[in-house]
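You will see chain A twice below: alongside chain B first, and alongside chain C after that.
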Partner chain A sequence: MQVLLENLPQYLKENKKRLNSKDALHYCPPCGGGWGVVKTAVQVPEVQVLFVIPIGCGRHGAIAAMKDGTDSRIHYLLMEEVDLVSGDHLEKTEAAVRELVEETEAKGLILFTTCIDDLLGSDFEGLIEKMEEELQIPISRGKMNPILSETPRAPDIMVHNTAYNFLRERGQEESAVNLVGCLSPVTSDSELFDFLESGGIREVRHMGNCSNFDEFLSMADSRVNLLIRAPGKRACRDMERAIGLPWIDLPASFLPEKIDEGYKNLSLLGDFSYDTGALKREAEEAIREIRPLTAGRTAVLGKTVNADSFDLALFLHRLGFQLKYVLAAAVKDHEQEAMEILRTKRPDLPVIPHLDPALALRQENSEEVDFGFGLDTAVYFRPRKLVLLPFETSLFGYRGILALLESIRSAEPFSGSVKDLVYNANLVI
Partner chain B sequence: MKGLLKKLPPFAPDYSGVSSLFYTLGGAIIINGADGCIGNVTGYDEPRFFDHDSYIFSSGLKETHAITGDEDVLRSKIEDSLEKEDLNFIVILGTPTSAVIASDHESVTTLLSRGREIPVFTVNTTGIDCYEKGLSRAFDALARKADFYPPLSEPSEDLSVNIVGATPLDFWGMEQAGEIRDSLEKRGIRVNGCWGMDNSWESVRKSLQAQMNLIVAASALRGARYMKKHHGIPFICGVPLARFAEALTEEIRGKGSGQPAIMALKPGRGQRLVLLGEQLWSCSLRQALLLENPDLDIRCISFFKQEPSLKMEGDLVLQEEDDLTEYVNREKPTLVIGDPLYRRLTCDTPFYGIPHLAVSSRLYWNHDTPYTGDAMDLNEILKRL
Partner chain C sequence: MRKIAVYGKGGIGKSTLTSSLAAAVASMGYKVVQIGCDPKADSTLNLTGGKETVPVIEYLRQHGGCDSLDEIVTWGYKNIACFEAGGPTPGTGCAGRGIVTTFELLDDLEMFETYDPDFVFYDVLGDVVCGGFAMPIRKGYAEEVIIVTSGEKMALFAASNIRMAVENYQQRNYAKMLGVILNKRNVENEEELINDFVQRADTELLGVVPRDKNIQIYEDRCQTVIEGDPDLEISKKIMEIAGRIVAGGKAGGTAVPGEDT
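What follows is the complex of A and B.
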């Protein structure tokens, strides 16, 4: 069921803030996924990852990891039916943890459980405490429990906590900061790095860039966490509480006013001599220049993009695109403002929950549009040109705007295989 | 260690198996669980997703409903969400979450059946068992649906078979099923229908027209036995491939030796080959290889359930991934044939990879080498001996 933007606030109020209806079945095609908890967790270097699961829970993450070449550190302990009744899987887990730690040179271990241990109330915290003491190795609890998706404790949020739970000792490195919440590191050409360096911050850490566990642990010594994407917010709060590591909201956005605001927040850290003004003017000029290419063109914004849906939708509207639909999973707190602005400009814009069961029939009736943003748009529509914005590329700042504009300018007519496109993205629902 | 996978992925679960059989039959498949459960099926176990209309949904089970009971919620979600008007059936499948909370799918299907002219049913899956167990229940359920939908016409008089069991999880693509079909048809055997691939609800309804069921996967045996008992349709086991196709079709024509073609030749005492895969495919390949070289000592082993009556000396089911390593170290085969992922467990033993989708999912499902029908080339295997 699509919702017109003018009705979206009321709809969200009635549906407990969820875009995907709590009263509907969910359509979950391969294009509707994301990175999944496995790919995020395995970014912590030199840790072994053990999933305690029924066979039906781990296949997608395991195959995706094999395609990514990260599977050698990921293991699965399969639960049997009798375990559900007897709780025997706790003892088996202990044995499996011992075996993995003894056989590998693991610096740490992530222990993932699933929805069913949430429901069974299995005492994995006690088990972890015991095993940490016995094996003298840090163990972090992870949860792959999609029964909590679209809640404040959703797995894509909590997996950041799972990773950063390893950070214990707080040192002091004034010249280092962390990027948190973005699945992949911010692209190295972003002016963010020049800006930070102009204030004496020479090291910008992201867990995906850490080459070993000790380097990862050094993230605890950094001066501050920069929250780039919302799913890392809870981890930032918890790190502040647990080890006193402060954080600053610095959301990745394509809206110049939000980029400005982010740099203003960052300026509170100290004296930064880098002037973003010239780059801002370059981005504004590029926006003006591209308008003949974008004004009046029809476009659909998909959910499978590395951006916040309503933030990007407002940006595309400002470029002059005639947005036909927005597919989205949620309206996050920090995109409320963008959503409200867009609502006044385009109250008639249909928003489609990305798991809407009616999407099952849409493939048969796909509409042609000039531009599709996100690979899922190629599944449900027929975009003449496709801009992907994949999760592997985290654009940020004014150079992020310039990169996006270049992607739009250089987009070739899309004629490839949608199937190949989706499978090569290696997404996990 | 028992249950610990260090080299292999979790295999396809039971609900992937059921979904695989019903996928092309024009019904709605509802997987009652959190959205991650269905992701295994749509993204990793169903290669037809983008080539065939899909009407498969997750119930989107949430914690609140898992605690307070989900039956009414599930029923109303299904009633409110299915917009397609020409559905042939609705099938509800369980997942680990619905198993833990003991969702009463029978009651939900009973309620949904009221006022509907199409079958609404459930196949018992938990996400704890492997795909072949789900498939076995699904073939049985579909065989029983032949009672609901009587045959559209009388049995045909020409020699015709239903190919039963050719799902993508064992045969991964239309091409492989097409090779099986071609192999039969070129020998004058009409293929009445194919349960598992290249199929429709109408062709299932016509199944009783066939004179015989050709069972190409062990998981289909339960349904085949039901059809034999209740509808008098006999069945024969085997996958037509290489020269074994001729022996199998002779058996279909009733001109065989009297014993099943799939058991006709006994392994020799020469070089030892190990075939790892779906039992009927492996046993058929064994016969085909023995026709080329009767001395070969060929063992069919598997991580999946085997039909006891089709096992030969040395055939066995492995329980844990360590078992395979121990087996090759002990038995020292000349060659192991199986899904390429098994190579991780066979040390330095020479290996010939033939993908099994229930094991390696989409890692190899695009390859197009035929491993069924007359087009299967055994030379690639034989020259490694």
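What follows is the complex of A and C.
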């Protein structure tokens, strides 16, 4: 059920709910795999992951892990009904944990459970405490529980907690900060690093960049968490509570005014001599230059882009694109403003919930557009040119704008098969 | 902050006593929260003057989510913050999960940080039959457990089940036994039976509550006896027990027939 931007319900504006209706089945798109809880959690180096899981639940994760080459660190303990109702699965889990710790060189363990143990209220916290004491190894609880998908405890949010729960003792390293919420590290060419360095912050940590478990643990010593993407917010809040690690909102955005605001926020941390002015002008110039290529071109913005939907939509609108549709899941707090601006410019813009079942029908008689942003646009539409903006690349700042413009400029006509795209991106559902 | 879970067989008088004790503790000047963890959702009626608190599960059913404590709290006698977990339609759903969901929501809404209570009472149904009902005595929730029982066989059976669950969890540094309250049903040898249970359970007797018609009299007005008439014998009795709870237990007495400890 698409809805025009002018009619976007109030509850979405208040960031209370996601766009996807609770009254309809969710479509499971062929490109729906990717950065699920498995791929996110295995970024913590040198940990082993144990799924306590009924036989049908782990398949996609297992196959995706094979394709990603992380399967050697992922293990499964299969549950049967009688285990669950009798509570025996807790004892079996203990045995499996012991075995895993004995047979691998795990520095830590992530124990994933599913919706079933949520419903049963199984006491995994107690089990973890006991096993940590017995085996002297840190264990963190993970949940692969899509039943909570549309809630504040959605798995894609809680998985950040799963990772950062390992951080326990806080040290003091004034010259280090963490990037939280972005699934992959911010690309190293971003001026963010120059900016931070000009204020004496030389070390910028991201879990995906840590080469070993100890290095990951040193994230606890950093001066502050920089929240780059919204799903990491709860983890930031909980780290502040648990170990007193403060955090600053620094949302990745493609809008110069938001980027400025972010650097202003950062300036509260100390004196930064780096002047973003020149780069800002360069980005603005590049935006002007690219207009002949973009003005009046039709475009669809998909959901599988490493960006906030309405933030990027407004940016594309400003480039002169004639946006045909936006696929989105929610309006996040820090893109409310962008959404409001876009709403006044394009009240007629149709917004499609990204799991809307009607999307299944679009594959057959897909509409042609000049540009598709996101792999999913190639599934539902026929983009002449495709810009992927994958989650593996986290763009940030003015260099982020420049990189995006470059990928628009260099986008090749798309004629390949969607299936190949999906396979090559290791998307498994 | 002290968090205390009150367990016992259905109908034994948990809600009556929890509310009375909460009222008593609040009247000593402490900030108190009471959370009813029974699908009946009737735990706090005698604190709210009969005003029905919308059960959390019911609220979630209707609204799909909850963004503010104000939506689900009812302020009762002496500003006791009253919550009801609620539960499924009888015969369906999962009441245990209802408790888990309620606790997670109260966490999300930062209830403890916001109200900063001195005492939190959990009024929990039954004899700890599954994980959900054991939730209140797990990590981060109640740290102390009071069992309410009479000398009746089934009540004692439930009491020892609860004791077992606490024992089981205690190994994991969860809630500890604070003690037992005898809510009298006047069965044969009631005191002896209780003393025996308390001893076997290796815990304390926090007090004996006689059967008293005033409880019903004030219940009909949706009040606890503490609110109704603090000078009644029964009210004084309950105040005494509340005093012991505040002092951290350690009554150490035994029940004496014909004499209400």
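Operating definition for what follows: the second predicted complex is superposed on the first by the 418 of 429 C-alpha atoms of A that agree within 3 Å, B and C clash if a C-alpha of one lies under 4 Å from a C-alpha of the other, contacts with A are read in each partner's own complex, and residues count from 1 in each chain.
Here is the rule we go by: a contact is a pair of C-beta atoms (placed from the backbone, for glycine too) under 8 Å apart; a residue touches a chain by one contact, two chains touch by 3 or more.
Keep in mind that this is a model prediction, so the values were computed, not measured.
With chain A as the common reference for superposition, the partners chain B and chain C occupy compatible, non-clashing space. Judged by the touch definition given at the top, the superposed model places A:Met144 against chain B, while chain C stays out of reach. Using the contact criterion defined above for the overlaid structures, shared-chain residue A:Pro30 touches chain B, although it does not reach chain C. By the touch criterion defined above, A:Val3 reaches neither chain B nor chain C. Once the two complexes are laid over each other on the shared chain, residue contacts for A:Leu120 go to chain B and to chain C alike. Annotation: apex chain A, arms to chain B and chain C, angle 90° (C-alpha centres, rounded to a multiple of 10).
Residue contacts after overlaying the shared chain place A:Ala358 against chain B, while chain C stays out of touching range.
Within the superposed three-chain model, A:Glu80 lies in touch with chain B and out of touch with chain C [touch as defined at top].
Partner contacting the larger number of chain A residues, of chain B and chain C: B. Following the chain A superposition, chain B and chain C show a smallest Cα-Cα distance of 5 angstrom.
Residues 22, 118-120, 151 of chain A are contacted both by chain B in one complex and by chain C in the other.
Taken in their complex, chain B has these residues touching chain A: 1-6, 9-16, 30, 33-40, 42-45, 49-51, 53-63, 66-67, 73, 76-78, 80-84, 95-97, 99-101, 126-130, 341, 360-363. Of all residues in chain A, those touching chain C in their complex are 16-17, 22, 87, 118-123, 125-126, 129-130, 151-153. Contact residues on chain C toward chain A in their complex (touch as defined above): 64-65, 67, 94, 96-97, 99-100, 104, 108, 130-132, 134-135, 138-140, 169, 171-174.
For chain A in complex with chain B, the touching residues are 20, 22-30, 33, 53-60, 62-63, 66-67, 71, 75-81, 84, 92, 95-96, 99-100, 114-116, 118-120, 144-149, 151, 355, 357-358, 360-361, 363-364, 379, 418-419, 422-423, 427-429.
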